[in-house]
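Chains: A, B, C, D, E and F, in written order; residue numbering restarts at 1 for each.
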Amino acid sequence: MKILTFGEIMLRLKTPGVERFFQNPVFEATFGGGEANVAVSLANYGMDVALLTVLPDNPVADSCVRELKYFGVDTSRILRGPGRLGIYYLEAGANQLPSKVVYDRENSAIAVAKPDSIDWEAAFADVNWFHISGITPSLSETAMELSLQSVKEAHNRGITVSCDLNYRKNLWKYGKKASEVMTVLMDSVDVAIANEEDIQMSLGLSSEIKVESGKLDREAYKALTDKVLDLYPNLRLIAVTLRESYSASHNGWSGCMNDRQDFYVSRRYDICNIVDRVGAGDSFCGGLIYGLNHYDSHLDALQFAVAASCLKHSVNGDFNRVSAGDVEKLLQGDGSDRVQR
Amino acid sequence: MKILTFGEIMLRLKTPGVERFFQNPVFEATFGGGEANVAVSLANYGMDVALLTVLPDNPVADSCVRELKYFGVDTSRILRGPGRLGIYYLEAGANQLPSKVVYDRENSAIAVAKPDSIDWEAAFADVNWFHISGITPSLSETAMELSLQSVKEAHNRGITVSCDLNYRKNLWKYGKKASEVMTVLMDSVDVAIANEEDIQMSLGLSSEIKVESGKLDREAYKALTDKVLDLYPNLRLIAVTLRESYSASHNGWSGCMNDRQDFYVSRRYDICNIVDRVGAGDSFCGGLIYGLNHYDSHLDALQFAVAASCLKHSVNGDFNRVSAGDVEKLLQGDGSDRVQR
Amino acid sequence: MKILTFGEIMLRLKTPGVERFFQNPVFEATFGGGEANVAVSLANYGMDVALLTVLPDNPVADSCVRELKYFGVDTSRILRGPGRLGIYYLEAGANQLPSKVVYDRENSAIAVAKPDSIDWEAAFADVNWFHISGITPSLSETAMELSLQSVKEAHNRGITVSCDLNYRKNLWKYGKKASEVMTVLMDSVDVAIANEEDIQMSLGLSSEIKVESGKLDREAYKALTDKVLDLYPNLRLIAVTLRESYSASHNGWSGCMNDRQDFYVSRRYDICNIVDRVGAGDSFCGGLIYGLNHYDSHLDALQFAVAASCLKHSVNGDFNRVSAGDVEKLLQGDGSDRVQR
Amino acid sequence: MKILTFGEIMLRLKTPGVERFFQNPVFEATFGGGEANVAVSLANYGMDVALLTVLPDNPVADSCVRELKYFGVDTSRILRGPGRLGIYYLEAGANQLPSKVVYDRENSAIAVAKPDSIDWEAAFADVNWFHISGITPSLSETAMELSLQSVKEAHNRGITVSCDLNYRKNLWKYGKKASEVMTVLMDSVDVAIANEEDIQMSLGLSSEIKVESGKLDREAYKALTDKVLDLYPNLRLIAVTLRESYSASHNGWSGCMNDRQDFYVSRRYDICNIVDRVGAGDSFCGGLIYGLNHYDSHLDALQFAVAASCLKHSVNGDFNRVSAGDVEKLLQGDGSDRVQR
Amino acid sequence: MKILTFGEIMLRLKTPGVERFFQNPVFEATFGGGEANVAVSLANYGMDVALLTVLPDNPVADSCVRELKYFGVDTSRILRGPGRLGIYYLEAGANQLPSKVVYDRENSAIAVAKPDSIDWEAAFADVNWFHISGITPSLSETAMELSLQSVKEAHNRGITVSCDLNYRKNLWKYGKKASEVMTVLMDSVDVAIANEEDIQMSLGLSSEIKVESGKLDREAYKALTDKVLDLYPNLRLIAVTLRESYSASHNGWSGCMNDRQDFYVSRRYDICNIVDRVGAGDSFCGGLIYGLNHYDSHLDALQFAVAASCLKHSVNGDFNRVSAGDVEKLLQGDGSDRVQR
Amino acid sequence: MKILTFGEIMLRLKTPGVERFFQNPVFEATFGGGEANVAVSLANYGMDVALLTVLPDNPVADSCVRELKYFGVDTSRILRGPGRLGIYYLEAGANQLPSKVVYDRENSAIAVAKPDSIDWEAAFADVNWFHISGITPSLSETAMELSLQSVKEAHNRGITVSCDLNYRKNLWKYGKKASEVMTVLMDSVDVAIANEEDIQMSLGLSSEIKVESGKLDREAYKALTDKVLDLYPNLRLIAVTLRESYSASHNGWSGCMNDRQDFYVSRRYDICNIVDRVGAGDSFCGGLIYGLNHYDSHLDALQFAVAASCLKHSVNGDFNRVSAGDVEKLLQGDGSDRVQR
């Protein structure tokens, strides 16, 4: 089982703790990005996963590659090309003060990569599962073309395609609306992951679900996901993350899934002292891909994905530094802490 | 619109995080003090504000001035004189362990400044609003005299005077009781800000209000503030901050205001992961002065002040490092976190 | 009044904040261990307390001794011998992610010390109270023999013996079960401290109490502690700590005590933003020994112990860096924070 | 006397101490850039100086502006526009291991600013001295046009123009050679600053001077600077910095100047424990502009510039955090340390 | 070309900067050990290298493996077994204050590994070059047996064997003298690396060479290395590192080599601001193995090794974080710093 | 042998590394002061030493006492009284940039202590050696009176009195000149320590010695110290420290001594990478008192003092964190570094 994820990996410059920008003249400097985060999750669970991306050829990008190796991600399919290493600045919030992200990712190597710059045969060698998100096609016209190519190439090879719809309103600047592109891309997708807003903005389907209520409107979610499954016949299942955002420090977290056979609802976690919620959706995707490949039951897969991404909220950085064992302990236990000694 | 605040700015030596004194051989070193905190808030909201204070002439005090410039505070009215830079040590608490403040501010330059050392004509040039607190007159006999001079000089020039009653029991050591001085000072005040304890200790008015209950006794507060307004005919309005202190990490926060026309009660915020509550009252004052000068409605002004000071609890340091936009987002939203990206 | 505690002190290597192992290439490096933690608590409360332990003769162990001196612990009875300084690695958790402890304490100087290596006459000179825990006899066969010797030697000298039953499942590797040893050791004990699990694993007494429920089953605890008192006629009293573990960040904390005369239940504290819970049980022991020697009432002693160990949850490190005054303030107050200035 | 400097200010991301990239997941985050560094030096010496630059409109750029305010630089002429905040990464070397700079400054706001985007009338209001460097015209075709405009506009207004020739081989990518542009720009320059390589690469004048020798070839430098003065009749004087680079930690530092009247050679400093040499040339420019405006003697001005930039080697960051008093102490003394207490 | 190195990798706990033990309650936590350091050097130069070692099965050891992956070292031959992760504590010196190392490596997994615990067939699969040092046989009787086995197994397979004689007086505690073992091991060695003291203590050959003199006694080194080559007919060449130790901050560094054909002497480097000299010998070995496999000339190989290990003195940590390109720049240049931008 | 030192201990707030004030918002926070530094040196060498001082009664001063305990200094004679904890700010220099000290020590507890506030009988109980410096009498009129009392009381009890003349030009503000007081104090002194400037400013003896020359003018120093011995018949010996200050990073360091029998000159150390020279003179005093009590030869004592204080330059903080063993290693060796492992 070999997994390939395709997308941008950026330098993440975060203020320490919950400091405001330049409260201290320092940034925590790590790396992150939706599909890279998924790859790291999968490597942490012991899976064979490669990241397909384009990076510039300089020592900072070299460090990025090394960091992926640290986690055991296969970096042999990473290309080097013109353009820069994308950056995002993160000012972490707390309580009523939300986190702020400032993107500086224009003209990144992946955004300026030409449509014919990827040798799909080499990229997909031995690959059984391909993962992409709605971020890659939002970066530039050429990145959009590469994205559409990628899913088609994967689909044609019989590779399972998963996609995190992942809508970012500050991207999509090159002239296309998300829904124009994502609805096409979805035709090649087998497994979709999304939240309420993603479905609405990426697929153009509106609903009146309010996740903030803290009570899952089971019927509404079933109806919405049924609608998606109806529209995209290739789609085998769709999973939805449900975040109740009480404050920057306190969220509820759960998920649901529709696999045409059944509609599943996960356990719900109350997370009162959030350490870092960036990358939680990606860690859900990583957990789901792992779960779908390790459990017979789709509910078990969903529960794994939700538990894994619940834990992500307690880990600083985009990458979900937990093992499958850590997730299983949460699944088996009650989420309380007995110091493990 | 030019605002002048008058008071001491100190070096603040805080243990990192929630460490006890000298758990690590290091102090976070920033600056703070009631009126300086108000000035920084106002500068952050884009207002033209100067701090009037006295500092010694040494490189550490030079850094203090530079830090004020960083925030855009006009430092041209800062005087240099004999005496030292006051200091306060802060050991931050959490849960049931309260924060501890150790003052080392005796013989500071402002405390030893002579009554005739300030040229009021220069200090008040172009000023429309003057802010002082109950701390400045508590520092020394001469600081008390300068404080009384300042409000009279402001009042005589038709400048609006606001005062944060701000009672500190470890100050007032030079022989006067707070109420002896503050009741005189209040005769020149247009806008008063206080909490329960301040009103009692600074104005000698007792009440049996218990803010800890978590439920605002609206009638009691109306009655108490009516009494203050009756006693001080120059007073246009009085605003009261309401802190419910469940633990060092968890407070409720709201406010009310009486403008002789009406009695207003603000939205209440539940703050469960307090980062730093020192300076919250000052950030309320800053928000109120901004609000009274930018909104037609007094309730809107109060809501801005409460929201601004709610956010202060998530910012480390005396200064409230948020913009008017940050406050407005909280006012418009629901205090939940959607990462802003 | 001179107290002696006997046990291992280790180097504690903790990740900063709530970081995962090697997220940064750094460890917080402090010292800790059950009986040393008790000694530091007692020294912090102004008591004359010595630690009896064995350390290697190298500069890192020298720093350990200096650190104990910092807190005023009498280090004159510390022996130097072959073997190493034990270590434990700690990865701090948050929310649903539990803390992890990795022990590296085999072949420590105390574990390899020979049974005849301690001069009990010198060790117990002037001592009135002796404290040990269930950890020391778990380290090695020889440490077990030294432990049994120690309580007998103390008992024979008329010294009060307290013991924290403290069961650690990852120790006890040398061939004996905890209950085989601890039931013997208990014959010389006057004051026992334990939690539910300790009683079960160390004394072989089972019960069906579930502390997680958040509601103290008073009758069940009375019955269980009655049973212990029945079995060990030398025992004057037994105190039990009650932890309700909702998450790694949120616990309830209280205690009860049975002194054959009466059964006491303490106030309960809700701790929502745990800083560090390691050593909380030790700080309870320290508080109890102090309380039993300073208060006439056993309930007062219990309340002191519970309040002291409640505060420990807000202090990073094994040592409970609070004074008797800090504990008394919590006992007198309501656990809310009014910044102390 | 009002000075204007024009150029890019970047975010500087430096590894801590002499660490290699990502040895720790952190960057020191400060700001710097040739002309901004000059402005900060001048503000530190008490001069009235403004920076003319273009920045994007985001919170990171806001912090950049605040940082300039901290040093007292007039930021009122800073424009906001499309494009990004340029970045440079710095890995500091030591001994035989040189420092490395990775530029990420393409498409910065100043590089993409349109030629007509600056209102020169407003920019030059009250300005008496204008400073630019060879970096600005290297950034992009439009930045080159703005640069040429700027010196002409300044010259036409009778403003003294100084220029640091400052050749950077990794810039100049848009199609022009440095010498094609700089020779034109020089026609409007009154005061030029350069090192050997700058003169060669920016003005196309070759010489066989070897600065590494540690012995100044006085005649060769006089001849070379005479040649420059002959070629550019508007030029009043040219100053040359002389760096002998023995290792990344040890340099010799001095300077010389030709003002058509005389040829001056400064004192030479041996700097054996370099803290940070980036920005030394800029601090020389700042010192020279200050010196030319404060001393009657050109030699005194040169000595000030060399001493000021000698001190820069002991200050981390692009900005030369020393006062005129600090420089004067070095000029009067012998460069030895007597702790100033 | 596949290289295998065999030896212990330890946790390295270093005080920050040049602090004394526990001056701050923190340790820099990285990994290191002779043969692992060689492996990282080789991986940094782009070679295919695996580390053969034994580690315990716990999360700290997992991080050690990840760190090796970060550098691209093949970790697939690392075994897990009983025993602990060895540790060494490092207090860095400066000037006249030497660095101190405290070993805590007894009972490490490699030291307690049984002689038959390594499958040599698997370990040596595809291997062309094998590297070991005099440290591995010093750890324990079984480690000595494994060491002797390893070189014989390598030799029998026709694999080139290199050995760093590396004498450590605080090891060799299990009953054998270094010279008893190393003289046997040398029979299977093709390439030896050593310094003066190593030759004397490991091979029992005395000489009266004083490296501190700063002047290489060419004839004496030729004679000494001739003697070694005479004694060990299998030996193809021996390289010697020459450290002149003026202080903890200032060393001279060079090397020489005898390949039976010729005697080579390298360039000498003066290193005045040493950052970290631990691991310099290992980086010499890494450089030499690279050099012997990439250059036709043995002198070129020696020069590469000396330059690579010269650079190591400017890198904190055991690992030599430089690329082949970094070394080549030093070889081509003059060791002075021109900031590379 | 019991030693008592008498003087002020302050909070030392130093910028990290060689940063300028507030380059980062943090101070290293340790404690120091001449006589306390001497006490710590002596405790480090295993001697029984107490510090006599006056401190305020607050948690920061409590930490100061604990820090002294850490080093094994007897703190039982420390008094608590009104006044503050003195502070000094330190900005560390490098190369040509000197370190800066800003004193904030007025109105410290020792400066405001009344002449009758010390019970000399208790203070001198069991004491054989008393040490004071010229700093204590410079603090205030009352501190001067206490200083004169102290030496007389010591002298009358037959206690050996040592005094570091230690002139500080920024103190002595209360109306007396140093020489007016120190010449009186010297009548009770047995052992004097000084540098050139101290002798001149504290004793009013001028000479034309220039220590910067790097060559000791043996005859001049002999003559000068002869003069001092002639003037003060009680004086047994005088030791002089000789600092050659080439830069803030590079000093030469040696000493000489005149004991009426002989004139001794020590070995000279060249210190090229100074870490922290503050407290070097105090560490010389500590080394000398130790040496005079442990060696028969006065030259040996002087050599120990010079070596001990040479090492101080490599230790950050006022306290000389080295053992007698560390000093002896330097005395026996050549000051080069062989890593001690």
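Keep in mind that, in the parts below, a contact is a pair of C-beta atoms (placed from the backbone, for glycine too) under 8 Å apart; a residue touches a chain by one contact, two chains touch by 3 or more.
Treat the numbers as computed from the prediction; the structure is a model and nothing was measured.
Note on interfaces D-E and A-E: more C-beta pairs are in contact across D-E.
Centroid analysis (C-alpha atoms only) places A farthest from subunit F.
Of all residue numbers seen at the subunit D-subunit F contact, under half occur in both copies; the interface is built from largely non-matching residues.
Between C-E and the choices B-D, C-F or B-F, the pair with more than half the same contact pairs by residue number is B-F.
Spacing of subunit B relative to subunit C, judged by their CA centroids, is 44 angstrom.
Rounded to a whole number, the gap between the C-alpha centres of subunit B and subunit E is 62 angstrom.
Among the residues of subunit F, those touching two or more other chains are numbered 17, 23, 25-26, 66-67, 100, 272-273. On the side of subunit E, the complex with subunit F involves touching residues 17-20, 23, 88, 93-101, 103, 168, 170, 212, 245-251, 272-273, 277-278.
Residues 13, 21-22, 25-30, 58-60, 62-63, 66-67, 84-85, 87, 89, 91, 100, 102, 104, 106-107 of subunit F are the ones touching subunit B in the complex. Every residue of subunit D that touches subunit B in the complex is listed here, in rising order: 66-67, 69-72. Across the complex, subunit B meets subunit E through its residues 23-26.
Those residues of subunit A that touch subunit C in the complex are listed here as 17, 269, 271-275, 307, 310-311, 313-317, 321-322, 326, 329-330, 334-341.
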